[in-house]
Structures are given as structure tokens and as C-alpha cells.
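This is the structure I have questions about; it appears just below.
In order of appearance the chains are A, B, C, D and E, and numbering begins at 1 in each one.
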Amino acid sequence: MRELIKDYAPPGTAPGALTAPKGEAGQAKIHLLEYRGEQVNTVEIADLTHLQQQLADRYPSSAVTWVHVVGLGDLKILQGLQDLFKLHPLAMEDVTHLGQRPKAENYDAMMFVVLQHLAFLKNEIQTTQVALFVGKDFVLSLQPLGPDLLEPLRARILSSRGRLRERDADYLAYAIIDIIVDAAFPVLEDFGERLDALEQDIVGRPSPRIMNTLYRLRRQLLRLRRVLWPQREALSRLIHEEEGLVSDEVKVYLRDSSDHAVQAMDVVENYREMAASLLDVHISNTTNRLTDVMRVLTVIATVFMPLNFVVGLYGMNFDRSSPWNMPELGWRFGYLMVWGVLLVIVIAMLVYFRRKRWI
Amino acid sequence: MRELIKDYAPPGTAPGALTAPKGEAGQAKIHLLEYRGEQVNTVEIADLTHLQQQLADRYPSSAVTWVHVVGLGDLKILQGLQDLFKLHPLAMEDVTHLGQRPKAENYDAMMFVVLQHLAFLKNEIQTTQVALFVGKDFVLSLQPLGPDLLEPLRARILSSRGRLRERDADYLAYAIIDIIVDAAFPVLEDFGERLDALEQDIVGRPSPRIMNTLYRLRRQLLRLRRVLWPQREALSRLIHEEEGLVSDEVKVYLRDSSDHAVQAMDVVENYREMAASLLDVHISNTTNRLTDVMRVLTVIATVFMPLNFVVGLYGMNFDRSSPWNMPELGWRFGYLMVWGVLLVIVIAMLVYFRRKRWI
Amino acid sequence: MRELIKDYAPPGTAPGALTAPKGEAGQAKIHLLEYRGEQVNTVEIADLTHLQQQLADRYPSSAVTWVHVVGLGDLKILQGLQDLFKLHPLAMEDVTHLGQRPKAENYDAMMFVVLQHLAFLKNEIQTTQVALFVGKDFVLSLQPLGPDLLEPLRARILSSRGRLRERDADYLAYAIIDIIVDAAFPVLEDFGERLDALEQDIVGRPSPRIMNTLYRLRRQLLRLRRVLWPQREALSRLIHEEEGLVSDEVKVYLRDSSDHAVQAMDVVENYREMAASLLDVHISNTTNRLTDVMRVLTVIATVFMPLNFVVGLYGMNFDRSSPWNMPELGWRFGYLMVWGVLLVIVIAMLVYFRRKRWI
Amino acid sequence: MRELIKDYAPPGTAPGALTAPKGEAGQAKIHLLEYRGEQVNTVEIADLTHLQQQLADRYPSSAVTWVHVVGLGDLKILQGLQDLFKLHPLAMEDVTHLGQRPKAENYDAMMFVVLQHLAFLKNEIQTTQVALFVGKDFVLSLQPLGPDLLEPLRARILSSRGRLRERDADYLAYAIIDIIVDAAFPVLEDFGERLDALEQDIVGRPSPRIMNTLYRLRRQLLRLRRVLWPQREALSRLIHEEEGLVSDEVKVYLRDSSDHAVQAMDVVENYREMAASLLDVHISNTTNRLTDVMRVLTVIATVFMPLNFVVGLYGMNFDRSSPWNMPELGWRFGYLMVWGVLLVIVIAMLVYFRRKRWI
Amino acid sequence: MRELIKDYAPPGTAPGALTAPKGEAGQAKIHLLEYRGEQVNTVEIADLTHLQQQLADRYPSSAVTWVHVVGLGDLKILQGLQDLFKLHPLAMEDVTHLGQRPKAENYDAMMFVVLQHLAFLKNEIQTTQVALFVGKDFVLSLQPLGPDLLEPLRARILSSRGRLRERDADYLAYAIIDIIVDAAFPVLEDFGERLDALEQDIVGRPSPRIMNTLYRLRRQLLRLRRVLWPQREALSRLIHEEEGLVSDEVKVYLRDSSDHAVQAMDVVENYREMAASLLDVHISNTTNRLTDVMRVLTVIATVFMPLNFVVGLYGMNFDRSSPWNMPELGWRFGYLMVWGVLLVIVIAMLVYFRRKRWI
């Protein structure tokens, strides 16, 4: 359950110390995008000097700058960005500690937002941490190595679809948040299908493996909840931000994202309830199966026990010279009589069980 | 469990893009109704130019305009309405994404309300999403294809029953909300009858199928709750709206609707508790049935096992020439004696079980 | 479970329409009581003109007027009262819809309070809805047909016991509320005795019927809770009322009633917990009983199975001419030896089971 | 479960009517204590005139007066105190109705506090209700008949230990509250030891009686909670009192008491969780025991059933004149062969069960 | 469960009385550290006079003073510190009563913070109480005997790593809190590994001992929660402190600590849910095992019972002289026919069970 704990520096480390996430030693890639109305400019940055220069030459001066970093393994770059944009060391530490709880915080003239992007890969829920710094005229976004999650947004800006290029940095931030929040819905839909499949198994083809499947689903629901619950709070904090970084107009958009986050959370809560109900059905089924097994045993045993007694009775070796000792054995139709007795017993038993609705 | 997730645009789509709900390709129908006191005017609108013209000719100028759209499949009409009434694109997007969580939101000079109308059809709970835009002198309501849910209200206005025609757009909005909120009660009443029937089955005629019925009911309760819980919030937000769109007098009426919503929610919560109690009774019944089965087996087995031992004993073939080998077999009344022993055993057993209250 | 849903008008009915509760077609009775200090005047009113006249002649002018209506079946009277006291139509509608959630609401210059009077009748919980309109100098109370719940209070006023006659309408309202709130305690006491009886049964004389009793009790607890929980809120709203209808001095008294309501609610919550605990004990008892049954079966079966094997063994018919075929049968003390073997088996088994603490 | 309901006057009784608690007909004892710095004066009061006189002669005028009443059976005394200190009749009614929920309330120039003192006596939790009226320069405390709970505090004042004598009435009230709040800890400690003992029984020596013990403990936990939960609230209300009856300095002390109350409540909540966990362990143990029993039965039965079949087979009486009828019976080593077969069956069974880890 | 209750003075003790914790009679050690920028001075204090002198000589005057006390057994020293720093007696009492709930409180010009340091030692969770007094220019920290928890921080200050020496007392307090809060993560990581191991056992190798392990884990989770839950509150209070003791800049750091505390709490809550899910899986496994056992018994018994009946049948001793008595015994292939019947029975049974999916 290591996955439930965020990365952390060993206790006693000085706060704000940067460490690369595990397995991220590769070179980070930096995408720079500047736009304002008709003008748009995109460039892949090789090193920080290049970036610094680009930022200085910004044209037009009212342009929105978006720096997107993929890969957190190059601490020099992170340190450079921290100095360049004057980021708070604690925020930068949170960027490198993956597995953070989603949150939004105010640092002086900047909003710092951490979100978790959800995906369903190889039957497991994958979370990718995306961190955002939102300033007056720039957005700095950072994600660990892997497929670039914001590629579709960059394409949208370049092809000038949507209202994006007319707007300021806060709307860009909203657009990024919107992509990450909405990524939950396909995951939830997949999940719902798996719950449906489980439901069909439980109702129709009970098997002991069901319990393990149910357990795995509940564990994944817990993970979904861990990500979605605080995301709601983070968005609400953005909406109620009062430093003027987010305009009222963009807040209306963020309210919509917040609404989506609430709906996603709602679905998770409903899934949890369904899973609990399914557990009850499964347990009840198990007991029913046990009762069925016992009923068969009981019917068979109670039918044959008296039969065995009767046939055992006439297997006794009493001395037949006494007329009182088992005269039945000497009767002409003794054997048929025994069969008659056995039949009566069997029929009586069956009638009794039929009345009890056991057969 | 697809039903638990609202419609959504694929992540990465530009916000505010309109898409028709699944299976709604038909032509939308538009009802226009204008009234003020004695004057009332109703007309079915064929296309948007017609509507535009009608709105321009509005007479008297103080009239309340109600535009009701049935069918969300014609995107041109939706786009036209959006331009005509200056609706926010995000609100319009919510209108076409069915399965929304009920909510009420402020958009500039308008209230936007989404509610879910409940009905019990073909043994399943059906929800129909109704969206309202409430302005100073108009109400725009939209619902997907299907029977016109607000037909009775239009009839009431035309026949001038109730206080409706004297009042403003906010009261009309209340009247629409009232119909949708109160639709929950007949559904809850039906549901209560089904719970009562289940209760009788559980107490009187236990069967393994009960668990599945109970499961289905719990699942439906969850759906009811999903709709009714946020509806409460939405109404409360309308009551505390402070932009002046809703007058204090109408707020008193909305408070009543809110009260009904709370009562409906209350009933759902109580049903949930009853369902949980019924589950406990059912599980206890199952265990009791198992115990009953086992008791029968135990009584039969413990009565016949000693009997079988006794008759087996005298079936042994020891050499009778030794006087120590089963002299009983030679006794004159040996057989009767065995019967006596058997009877004593049976009676002792029965007395023992009677004392233990097993029979 | 119809009882859980309040009466409601069919959806689509105009708000504020009055309908008589089911089975209340009788003539309503109206008691009028006016008092101020030494002066007191009581009269049974036949029709509304009479009431109107009485109210006009009010003497002294500072008198408190209390109109108590028993029976809600005469809509003309209700309509007349509504006009006379200028009651809000929605409030009046709530009066006739029995089964309301207790509440207190402000209507202009009036408080409107709905409470549910509890009683334990014929082994069932009975609720009677009492509605109050409290104005500056009058109280109008309404209850459905049945025994007059406020008779004792009228007697107290007439006999001048207590502080009542010196005080204003708000204190009268408090006195009415006090009677209704305190009616919960004897019901809870009865209920506690039934829980105690059930506890004794569960601990001492377990039987399968217990589950049904427990279920009925839980269902009744739910009903108690439904009434008592919102009653708390209603009282709290009265205490924090700010229109000046309730004086600070009377608020101290209402605080006491609120305290009683909280205590009643507390008791219900505790009963719920006790019922849950009792359920656990009962289920554990059931499993224990099953284990007991199985233990008896196991002991009997495991003792007799080897015995049956041994006696079956010597019932085989091997040809005794071979010296290797069951020479035991020819031994002089073979039979006694078998008995010895059987005894050893039985004793060994019993020792084994004693060690396992099964017998 | 009578104990869960506070005493109450029959519904319809005029509010504020005094009735003696059950079994308290004895003469009440009144202790008067006056102190200020070096001066201290204690006297046992016989009747109210005496008390009145004492209070009039108060010396020095700045002295703090503490009147402690043990026994609530003498209504004349209670009435006298009510008049003397101008106590609110509703507060006085609460004093005589034992079993109150702890609370703190403001009555004009006085605080009224009700607390429940906890003790563990004869294996049962005992609660003693202590009521306090705190004025500017006096404290009136009342408790039912029994050992004087505040004796240690009086001794402390007389012997001048602690800071008490330098301080005002509010600190005296704190000192009383402190004693009552802290009395919960030894009770909780005792309780913890009993839970530990139960834990050891459940883990080590399971028996069906455990369920009843566990039930009794849960019932007592409920009672503890009923007392401790509202006590927290009462203290918080005292701390936020704003009438100036409690000085800021004493509020610091009350905050400490409140902290203790929170800790006591915390412990109760933890105990409740532990009890729930223990219940789970116990139920799991019960099922395990059942499984063990069944396993023994199954092993024995499945071993002996084939054996019995084999020996029964050779007990058949087929006519040996046909060579096809049971030639084995005529074999020289037939009997030994049967033993061989039986041994093989037994060994195969045992190997099978060993593999299944049943033996 | 003694561990759940904090130390307490016997009820009736005067508030603020100091008592040494159990087993702490040793001499307390006092570390004094003064720093400001480049200057740093550390000294081990032997007695209080020494400390007093050191504090008087403070140089430079703007230095931050940190006094860390290890060992609470020397009451004279505690009393001396209380006088020297003017600590509130109630706070000092809390320092010596170990097992406190974490909290932060304001005492005049000082913050008083109590935290619990977590560690995993010898398979048990160990908590060490650390108390802090934070003033304008000093921090006084106290911990019971044992390894010095703050040694790493002192080393960091001396070696001038981090930003510590440039900052004021509030940052020092933060640094101490940070160490204690972050100590939870390694404990939680260990705990997660143990839960994972348990999960593997439950899914793969079920055994009755699992229940006890699970119980122990739940008990430890409860303890973790007891410490982590209020820690959150304490940090939140520090962040919202308004007396000016904590600068805004340090509050940003404390917000980070608070964030970590929330994350730790979150993990504990998730563990609790996982433990509950594991319990469900384990219980379901147990029932499945029981069902398996019963199924084997039922299959064996139902196969052999008819076989035993058949062979018993032909063991009867009817007089063969009558042609109606068991003519089968005389048939040439009677014995083979019986074997045929037996085989048919066995095969029919096996087919039946295969169809029921029991084998």
C-alpha cells in the first residue's frame, strides 16, 4: 500500500530541499508557448539560458507565456525555474514529491495547484501528478516523464480553435485543469462497466473468486476517492481566491470544472455504496449455497438412515428356534413386506420435505 | 452503472461545445406562451426567426414570456436560443449533457436551474432532465424528447386557474419547479408499496430470490437519492439568491418547495434504513433456516445411529458354540428385548431433544 | 410504509389548494378562549360568523385569544379562518396535509408551527399533527379529529393554575408546545420497557421470532426519530426568531422545551444503538445455537461410526474354513473382546471431546 | 433502559413545578462556606432562616459564599433557596429532575450548570447529578442524597491549600467542575482494564458468555458517552460565556477542564471502536469454531463411510453355490485382503485431508 | 488499554500541581543553544542557576534561545523553568502528564504546543510527547527521558545548514514541529508493508490466526489516529494564531506541515478502510472454507448412504424357503448385479454433483 503515501524527504531534512522522483534521471523536456490573439509562437527549449532569453524577448509584451516541463529528473533545471519565476521552495519540493494530495495554494503573487490526472492502464488506475504555477501573464506546468498530457491543449491553441488565444493566463490555467478533471469520467465509465460485470457474476454465476475481485475494486475505489475528494476542495479554493489572479469571468468556468469534480466524486460515492450492496448479496449467496449443500445432505441422510436401520434389523442372527425371535423372517412375504415398509418410509419422508419446501 | 455518470464531452474538447444527446435527432418543438392578467397568447413556433419576431412584438410590454423547448436534438435551434437570450455557453452545454446533478446557478442577470423529473415506468425509475433559464421577464425551459412534462401547467395558465397570470416570471419558474419536485411523491409511494411487499415476503415466505429484489431496490434508492439530495441544495440556493431575480414573496413559495424536497429526501433516507433492517432480517432468517435444516439432520442422525449400532451388533457372526459369544441371540425373548432397548433409546433421545427445545 | 410520506396534492395542482384529510368529513369543533389576568371567557363556536362577532367584541382589548380547532374536515371553516386571520395559503395547505415534518416558519407577522404529538396506542406509535399560528395577541391551533389534546391546558387556564393568565400569546404558544414535546417521554419510557423485555428474551430465551420483534422495534424507532429530529430544529428556529413575536422571557421557556426535545432525541439515538447491539447479540446467539447443534451431531456421529464399523466387520460372511478368515469369531471370548474394543473407542472419544471442551 | 430517560413531570404539568426525586424524602443538609483571603467561615445550616441570617451578616463584604446542598427531598428548602437566590423556576425544576443531560445556561445574572459525576460502583456505572448556580459572589451547588462529592474541595479551602481562597466565585465554580470532570478518568481506567480482560478471553479462551459481557460493556459505554458528550458542549459554552460572570483568567482554567472532557470523550470513542473490533474477532472465532467442529465430523464420516460399505458388502448372504457370488468370501486370505483394502482407504483419506490441511 | 488514557492527577488535586511521570526519577538534561546569523553558542546546563546566568548574558541581544529539556523527572528543575519563563501552571501540568492529545494553545505572550512523536519499535507503535513553549525570542522544548529527538536539528543549526540561523524563534518552532510531523511517514510506510503482508496471507494462505493479526493492526491504527487527528487541529490553530507570535512567512511553512499532517491522517483513514475490506474478505473466506468442508461431507455421505443400504439389504436373513424372500440371493449373477447397481448409483451421484458444480 506504498502507493497511498506521497513521496517524502527523510524526517530531519531541511525544508525545501529538492530530490528527483524515483526512476526519473532522464533529461527534462521544456515546451515554451507564447500567444496573444493572432500571434503564436512555440519552441522546444534545450537549456535554461535559452528559456531566459526567450522570456526576455517576449513579443508582443501582452503575450501569455506557457512553459510546460515533462520530466522532473533534472534538478538543475528545476532549480533554475525556481529562480527564474521566483517560486517558493516548499512549492517546488511538492512538485518533486509525487503522490501529493490535490490542492491549490496562494504564494504571494502566484497560485500553486497540484492535481492528479487519472487513467485506466493495464487494469490498474494510474495517477500522474501535474503541478501548475499561475502568475499574471504566465503558466508554468510540470509533470513527470511519460506521455505529454497537455499535448491536445497545445494543438488547440496552435490551430486557434476555441476561445483560448483571446484570453489571459488564468483561462489557460482553467483549460489545463479542465482536461485533468474531465479525465476522470472515462475512468469512471470503465470502472462502472467492471462493476456491472461483477454484478452479473454475483447474481448469476457465484464463485469464491468473486470476493477477491470485489476486494480489488474496493481498493481501487479508495484510490479514486483519495484523488477526487481533495480535488473538489482545491477547485473551490481557486474559485474563492481573492488576490485577483483569477478573473470573475474565468471563475465561472472554474465553477463548471468544480461541478464536474463534484459529479465525479458523487459517482465514486455511489460506486462505493453499490460495492457494499454487492458484498451483501455475495455473502448472502454464500450462506444460501451452504444451506443448499446442507439441505441435500439432510434429505439424503434422513431418507437412508431409517432404511439402513430396517435392513440392519433383519440382518440380526437371533436364534430362530424361539417363535418370538424375528418371526417375520419366516413369513412367506416377509421380504416384500420389508420393501413395503421401506417404500412407506421413503414416501413419508419425501412428503415431509416437500411440505417444508426443501425439495 | 453507466446511468450514474452524466453525459460528458471527451476530455480535451473546448468548453461550451454543443452536442445532441444520444437518440435525439428529431426536430425540436417550441411552445411560446405570453401572458399578463387577462391577456394570454400561445403559439407553436416553427423556426427561430418566428420566435425572434414574436418576442419583438411582445404585447403588452409587461407580459411574461415562457418558451418551452421539447427535444434537444436540433443544435441550430439551441445555438439560436443561446444567441437570442444571451445564455452562457457552459450553461447551454449542461442542458445537452443529460444526467446532470440538480443545481441552481447565477449567470449574470439570469438564474440557471437544472432539475430531474422522477417517474416510475416499467418497474424502473426514469429521470428526465429539465433545465430552466429565469430572467426578469422570461422563462426558458428545455427538456429532452418525450411527453411534455409542463403541459398541465400551460393548461392551468390558459384556463386562468390559480394565481399564475397575475404574477411575474419568478412565480412561473416556481410553478415549474413545484411540479418537478412534487413528482417525487407518487414515485416514493409506489416504492413504499414495493418495500412493504418485500417486507411481507421476508417475514412470511423467505426465498433466496429475495436478496436480488432487495439489491435492486437498494440500487434504485441510490438513484433516487442521487437526484433528491442535490435538489435540496439547488432550492436552498434559489431561496438565498440575492440578485433580485426572485422576489421575497416568491421565495416564500420556493421555501415550501424546498420543504417538500427535504421531506422527499427524508423518506428516501428512511427507506434506506428500512432496507438495511430488512437485510438484517433476511440474513437472520437465512441462518435460522440453516439451523433448522441442521437440527432435523442432527435429530434423525442421533436417533438412528445408536439403533443401527444395536442391530449391527446382533448381526455379528460369532461362533455360538462358546457360551460367552452373544448368548442374547439364543434367548427366548432376545428379539423383543432388542426392540425394548431400541424403544428406550428412541424415547430417551426424544426426551433429550424436547428438553433442548429442538423438537 | 405509506405512513412515512406526508399527504400531498397530486403534482400539478395549484399551490395552496385545500383538501380535507382522509376520513375527516365530520363537522369541526371550535373552542374560543379569551383571558387577561382575572378575566377569562370560554365559548364553543358553532359557525364562523359567531367567531367573527366574538373576536370583534373582544374584552378587555388586551386579552389573549386562543382559537382551537378539532377536526380538519370542513373546508369552509378552514377557508374562513384563513381569511379571518389572513393566513398564508401555503401554511393552510400544510395544516390539512397530515404527516408533515415538524417545522417552524415565519409568515409576515405570524409564526407558523407544525408539531407531531406522540402516543403509544394498541402497541403502535400514533402521531397527531398539531398546527399553530401565533400572532401578537392570538393563537390559532388546529388538530385533526380525535381526543382534544389541549383540553388539560384549557382546564389549567380556566382554573387559573400556573402563571398562564398573566402572560401573552407567546407564552400560550409555549405552553402548547411544551405539552406536545413532553408527550414523547411516556412513549419513550414504554418503548424502553419493551426493549428491556426483548433484551431479556435475547439473553435468556432465544427464539427465531425475536428477529421480527426487533425489526418492528427498529421500524418504530425510525418513526420516532422522524418526528423528534426536526422538532429540535423547529424549536431552535423559534428561539432564534427575530421578528419580536416571541419575547426574550418566553424564549427562556422555549429553550427548556428545546432541551427536552434534545433529550428525547438523545434517548431515541441511544435506543437505536441498543437495538443494534441487541441485533449483534441475537445473531451471535443464532450462530452459537447452530454450533451447539452441530457439536451434538458431531459427537454422536464420531462415537457411533467406529462402533458401527466394528460390528459390521464381524457381520461379514467369510468362509471360516480358512484359519486366516476372521479367527476372532471362533474365540471363546471374542464377543466380550469386541465389547471391550467398543468401550475403549467410546472412552477415547469422550476423553478427546472433553479435552476439546465440546462436552 | 429507564436509566436513559431523565425524570420528567407528567405532560400537562405547569412548567417550573417542583417534585422531589424518587426515594429522597430525607432532610437535606446545607453546608455554608464563606472565605476571602485569610478569613474563612464554615457552618452547617439547619433551616433557611439561619441561612438568610448568615448571608445578611456576610463578612467581609467581599467574601465568596458557597452553599452546598446534599439531598433534594425537602421541597420547602428548594423553594426557599429559589426565592433567596432568585433562581429561575425552570432551572430549579431541572435540579430535581435527575438524569439531565449535562448543560450550561445563562439565566440573567447567573450561570446554571448541570453535570453528571461518574463512578464505578458494584460493577455498574453510577452517575450523580450535580447542579451549580454561579453568581457574582456566590456559588450554590446541589446534589442528591449520598456521599458529599465536594467534601475534598471544602477541606482544601479550609486548609488553605491551592490558590482557592484568593479568588472569586468563578474560580470556585471551576474547582467544582474540575472535580466532576476529572472523576471520569478513574472510571475510564477501570473500564479499560475490563476491556483488556475481555480481549484476553476472546483471543485466548472463547466461550459463548463473552457475547453477553461484550453487550454489557457496550451498554455501559453508551451511558458514559451520554454523559461525556454533552459535558464537552457545556464547558465550551462556559468558556464562551460573555456576560462577564467568568473572568478571562478563569476561562483559561475552564479551557483546561474542557480539554480533559475532550480527552475523556476521545477515550470513550476509542473504547467503542475497540469493542466493535472485539465483536468482529469474537464472531470470526465463533465461525472458526463451527468450521473446526464440522471438519472433525467430516474427517470421521468420510473415513468410516467407505469402511462401513466394505464390511457391509461382505455381510451379504448371496448363495455361494454360484461361483460368481462373492468368491472372495471363500478365498484363503479374503479377510486379510479386506483389512488391506480398509487400510488403503484410511491412508488415502488421511493423505487427502492432510493435503487439504484439515488435519 | 491503559495507553489510551493520558496521565492524570487524582481528582480533587489542586490544579497545576506537578508530578513526575512514572519511571522518570533520573536527572533531567538541559541543552541551551543561542544563535543569530554567524554566531552560535551551545552549552549543556548543569543546574538552573547556570541557565539563569546564561540567559542574562545573552549575546547578541537579538539571539534566539533554545532550551531543550530531556527528562521530566526532576520537579525542581520544572518548577524553576516555570518561574524563569513565567509558564502557566496548567501548561506545565500538561507537560508532565504524558499521553496528552496534541494541541496548541495561547497563554498570554506565549504559544504552548504539545505533539506526539511516532516511531515503530519492537513491532509496536511508540509515542513520545514533545511539549513546546514558543515566545518572542525563545523556544523551550521538553521531552521525557530517552533518545534526544531533536538532536539532528541541533546539529543542523550548528553546521549552519538550511536557512535556520537567519531566522527567528517562530521558524525554530516550525523546524521542531516539522521533524515531529514528518516522523509519521516512515511509521505509516512500515505499517503499509505489514498490511500488504496481511493482504497476501488473507488472499493466499488463510488461517485462523489472521483474525488476531488483523485485530492488532486495527488497534494500532486507532492509536495512530488518536495522535494524528488532533495534530491537524493543533497545526491549524497555529496557522490561524493572531497574537503576532508567528510571522506570516513562517505560517507558509506551517501550512506545509499542516498539509503533511493532513496527508498522514488521510493515509490512516485509507488504511482503516483497507483493514475493514480485508476483514470482509477474511470472513467471506472463512464461510467459503466451511462450505467446502460441508460439500466434501455431503458428497461422501450421499454417495455411500445408498451403497450401504444396498449391501445391508442383502445382509438380511429372510427364510429362503419362500420363493418370494430375496430370490436375488439365489441368482447366478446376483452379486455382480449388486455391483452393477452400486456402480450405477455412484455414477448417477457423481453426475448430479458435477452438474451442481460441487465437484
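Rule of thumb we're sticking to: a residue touches a chain if its C-beta (ideal position, glycine included) is under 8 Å from a C-beta of that chain, and two chains touch if they have at least 3 such contacts.
None of the values given here were measured: they were computed from a predicted structure.
If you apply the touch rule, which chains end up adjacent to both chain C and chain E?
Correct list: D.
Any idea how many Å lie between the Cα centroids of chain D and chain E?
25
Measure off the straight-line distance from the CA centroid of chain A to the CA centroid of chain C, and report it in whole Å.
Spacing between the chain centres: roughly 41 Å.
Return the residues of chain A touching two or more other chains; collapse runs of consecutive numbers into ranges.
Residues 283, 287, 290, 294, 297, 301, 305, 308, 312, 315-317, 326 of chain A each touch two or more of the other chains.
Can you tell me, using the touch rule above, whether these chains form a line, ring, star, complete graph or other shape?
Ring.
Would you pull the chain A residues touching chain B in the complex into a rising list?
By the definition above, chain A touches chain B via 152-153, 156, 161-164, 175, 178-179, 182-183, 185-186, 188-189, 192-193, 195-196, 203, 252-253, 255-256, 259-260, 262-263, 266-267, 270-271, 273-274, 277-278, 280-281, 283-285, 287-288, 290-291, 294-295, 297-298, 301-302, 305-306, 308-309, 312-313, 315-319, 322, 324-326, 358.
Give the list of chain A residues in touch with chain E in this complex.
Contact set of chain A toward chain E: 1-2, 4-6, 8-12, 14-15, 88, 90, 94, 100-101, 103, 105, 107, 208, 211-212, 215, 218-219, 222, 226, 279, 282-283, 286-287, 289-290, 293-294, 296-297, 300-301, 304-305, 307-308, 311-312, 314-317, 326, 329-336, 338.
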